[in-house]
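Structure below; questions to follow.
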C-alpha cells in the first residue's frame, strides 16, 4: 500500500545498513519498522531523519515518555494512523501504563473538544496571553 | 471578532457566576479568560465543559504539566491559535521552564515532520503494531 | 493581509462586474465580501466558483440553513477563520436562532471530542458499517 | 488494529454493562459499535461520553438528522474514517435520503474548495463580520 | 468500504457513460478509478467535477506535473489516503522520476516541520509580508 | 503575539548571529523574518532547521520555484497563516508570475474539493494504485 518500495536490510546499500544498525543498537531490538524501510529509498534523508529523531526524543528537560505522549498527541491531531500506532507502541515500550494511556486519551478528547468550540466561536486571544 | 457575545461577570446569570467563581477559586486568580465568557452564552454547556476540563486536567497518573503539554500539542496540530496561546500560558503557570518549552517545540516539529513523510508515503502499519 | 489584491467594483473588468451584480441581486444587498474581491483576480475562477456556490447552496433536499450549518462545521474543522465568520453571518441572515447556534456549537464540540478519541484509539470500522 | 482492547458485554464490569444496556435501549438495537467497546477500557470516560453524546444529539432547536449531518461534516474535515462511517450509517438510520446525502456531499466539497482558496489567499475578515 | 455504491459502466445511465468515455479518451486508458465511480451516484456533480478537474489540471502557466505535485502536497496535509495514492500514480504517469519524488517528500516533510514550529510559537506575520 | 521572545541580531549570541549572517548571505538581503528570530531562542534548533531548509529548498531534481509552490500547498492545508504569507512572498521573489499564482490557487481549491468528497465517501483505494 506504501507508495514507495520498502527496503529490506539484505537489499540495502551500506549507508542504509549503517542507519538500520544504529536503530537496532539504540532500541536494543532487531526489528526495523516500515517507516525507516520506506524512507531508505533516500539514504541521505533516512540518515538525517534518524539522527534528528534520536536527538529530539532523547531524555532532556522532558523525559522520554512525556516526549512520546506529545508525539502521539500531534500524530492523532494530524490524522496520521501509522504514527499513532507506532508511537503508542513506543510509549508502551517506554513504560506507559494503562492508567497513563487512559488519561492521555481523556486529555486528547478534551483538547479536541475545546479546539472545536474555540474555532467555532472564533474566540479572540486575551491581551494577557499576548506577551 | 468572536462570533458570540462575551458575557462579563456583572451581566451573568447566577448559574454562570457560579462557574466563574469556581474557575477563580480553582485557579486562585480573579482572571476569567475569553473562552469561558464566550461559552457562557450556553450556561449548561459552560458548566459541563468546565467540570470536564477541571476533572481531566487534574493530576492523576499523569501530572498537571504533562497534561498541558499534551493539550498544547493537540491545539497546535488542530491550528487552534487561541488554545495554543492559553495553554502555553497555563503550562508556564504550572512551571514549564524555557528548556522544557524548547523541547516541546522540538518534539512537535519532529512529529509534524514524520507525520508528513508517513502520510506522503502512505506507510502501512507493521503487523507488530496491530495488537 | 490578503496575499492578493482586493478588486473593487469600480476597478473591475466587465466579467467581474457581472458576477458582483449577480451576487448583489441574489443576496439582495449591495455588500460584496472580501472573498469574492480576492477571487476576482482570476475572473474565470470567480465566475465558476460563484456559479457553483450559488447552485450548491440553493435549497433542495436540504434547506438553505442546514447547508450553512454544514458549511460552518467543515470550515471550523478546516480551521478557516474567514469562512467561519462569513458562514456564521450567512446562517444568521438565513434565520439561525441563538438556540440553534448553541446546539451547532455543542454538536461540533462533541464531534471533535469523539474524532480525537477515535483517532487516538484507531478504532476499526465495524463490519456492519461497511456496506 | 485498535490500540486498545475491545470490551465485549460478557467481559464487562457492571458499570460498563449499564452503559451498553442504555445504548441498546436508546437505539432500539442490540448492536454496540466498536467505539464504545474501545472506550470501555475507561468506564468513567465511557459513561461520561455516552451521556454527553446522548444529550447533545437529542432533537432540540435542531432536529436529530441535521445534527448527524453536522457530525459527518466535522468528521470528514478531521479525517476521521471511523466517525464518517458510523455517523453516515446513523444519518441513514435517522432517515437521510440519497438525495440528502448527495447534497451533503456537494456542500462538503464546496466548503472544502473555498476553505482552501481562502486560506491560500489569506482573505481578511470583513469588518461587517466582526460583531 | 465506500459509503456509497460504485457505479460500473454497464450499470450507468447515459450522462455518466459520457463522462466515463471522456475520462478514458482524455487519459488514453480504459481504466476508471473508484473516485469517479463513487461520484457517479450524482451524475450532475460527476460531470461538473470532471470538467473542473480536467480544466484545472491541464498545462498552462504551470506544467501538468507541477500541478500533480501540488495536488499531492494538499492531499497529504489533508490526510486524504485515496487522493495521495491516486495523484502519486498520476504524477508517475506524467513522468515524475524517483529523484523528483524524493525531493517532493523532503519538501513536504520540511514544510510540515516548520508549520508545526510556527503554529506552536504563533509567530506573527512580518509587516513586509503584508502587502 | 508570538509565545516566545523574538531575538534581534544585536541581542543574539554568536551562534545565532552566524545563522543570521548565513541567511542574509544566502538570500542576498539584510532582512531576517520573524520565524528565525523566534526559533533563535534555541540556537541548536535554529542552526539545524536553517541548514535543513537551505538544503531541501535548493534546486535539484525540482527547481526552486516548484519547491516553494509545494511548500505553500502544504502550509495552506495545515492552516499555517504565517507560512502561507512567507512562502507566497518567497515564491514571488523566485519569479512566480500572477498567472502561475492563479493556477496554484485553482489547483489548491480543486484538491481541497476532491479531498473533501473522497473523505466523505470514504472511497477505497483501487488495487492498481497499490504497488
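Here the chain labels run A, B, C, D, E and F in written order, and each chain numbers its own residues starting at 1.
In this section, a residue touches a chain if its C-beta (ideal position, glycine included) is under 8 Å from a C-beta of that chain, and two chains touch if they have at least 3 such contacts.
Quantities reported herein were computed from a predicted structural model and do not represent experimental measurements.
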{"item": "Joint neighbours of chain D and chain A, given as chain labels", "value": "B, C, E, F"}
{"item": "B-F compared against B-D, more contacting pairs", "value": "B-F"}
{"item": "From the options D-E, B-D or B-E, the pair that copies A-D, where over half of the contact pairs coincide", "value": "D-E"}
{"item": "Centroid comparison with chain B (C-alpha atoms), farthest chain", "value": "E"}
{"item": "Intercentroid distance (Cα basis), chain E paired with chain C, Å", "value": "21"}
{"item": "Centroid spacing, where centroids are CA-atom means, of chain A and chain C in whole angstrom", "value": "34"}
{"item": "Geometric centre distance via CA averages, chain C-chain B, whole Å", "value": "27"}
{"item": "For chain A, residues contacting two or more additional chains", "value": "1-4, 49, 52, 74, 76-81, 84-85, 88, 102, 104-106, 108-117, 119-122, 125, 130"}
{"item": "In the complex with chain C, residue positions of chain D that touch it", "value": "1-4, 31, 33-35, 38-39, 49, 52-53, 56-57, 60-62, 66-67, 69-71, 73-83, 85-86, 88-89, 97, 99-100, 102-104, 106-115, 117-126, 128-130"}
{"item": "Residues of chain B defined as touching chain D within the complex", "value": "1-3, 5, 48, 52, 125, 130-131"}
{"item": "Chain F-touching residues of chain D, taken from the complex the two chains share", "value": "72, 76-77, 79, 81, 84-85, 104-105, 108-117, 119-122"}
{"item": "Touching residues (chain side chain C, partner chain B) in the complex", "value": "79, 84-85, 88, 98, 101-102, 105-106, 109, 116"}
{"item": "In the complex, chain D residues that touch chain A", "value": "1, 3-4, 41-42, 45, 49, 74, 78-80"}
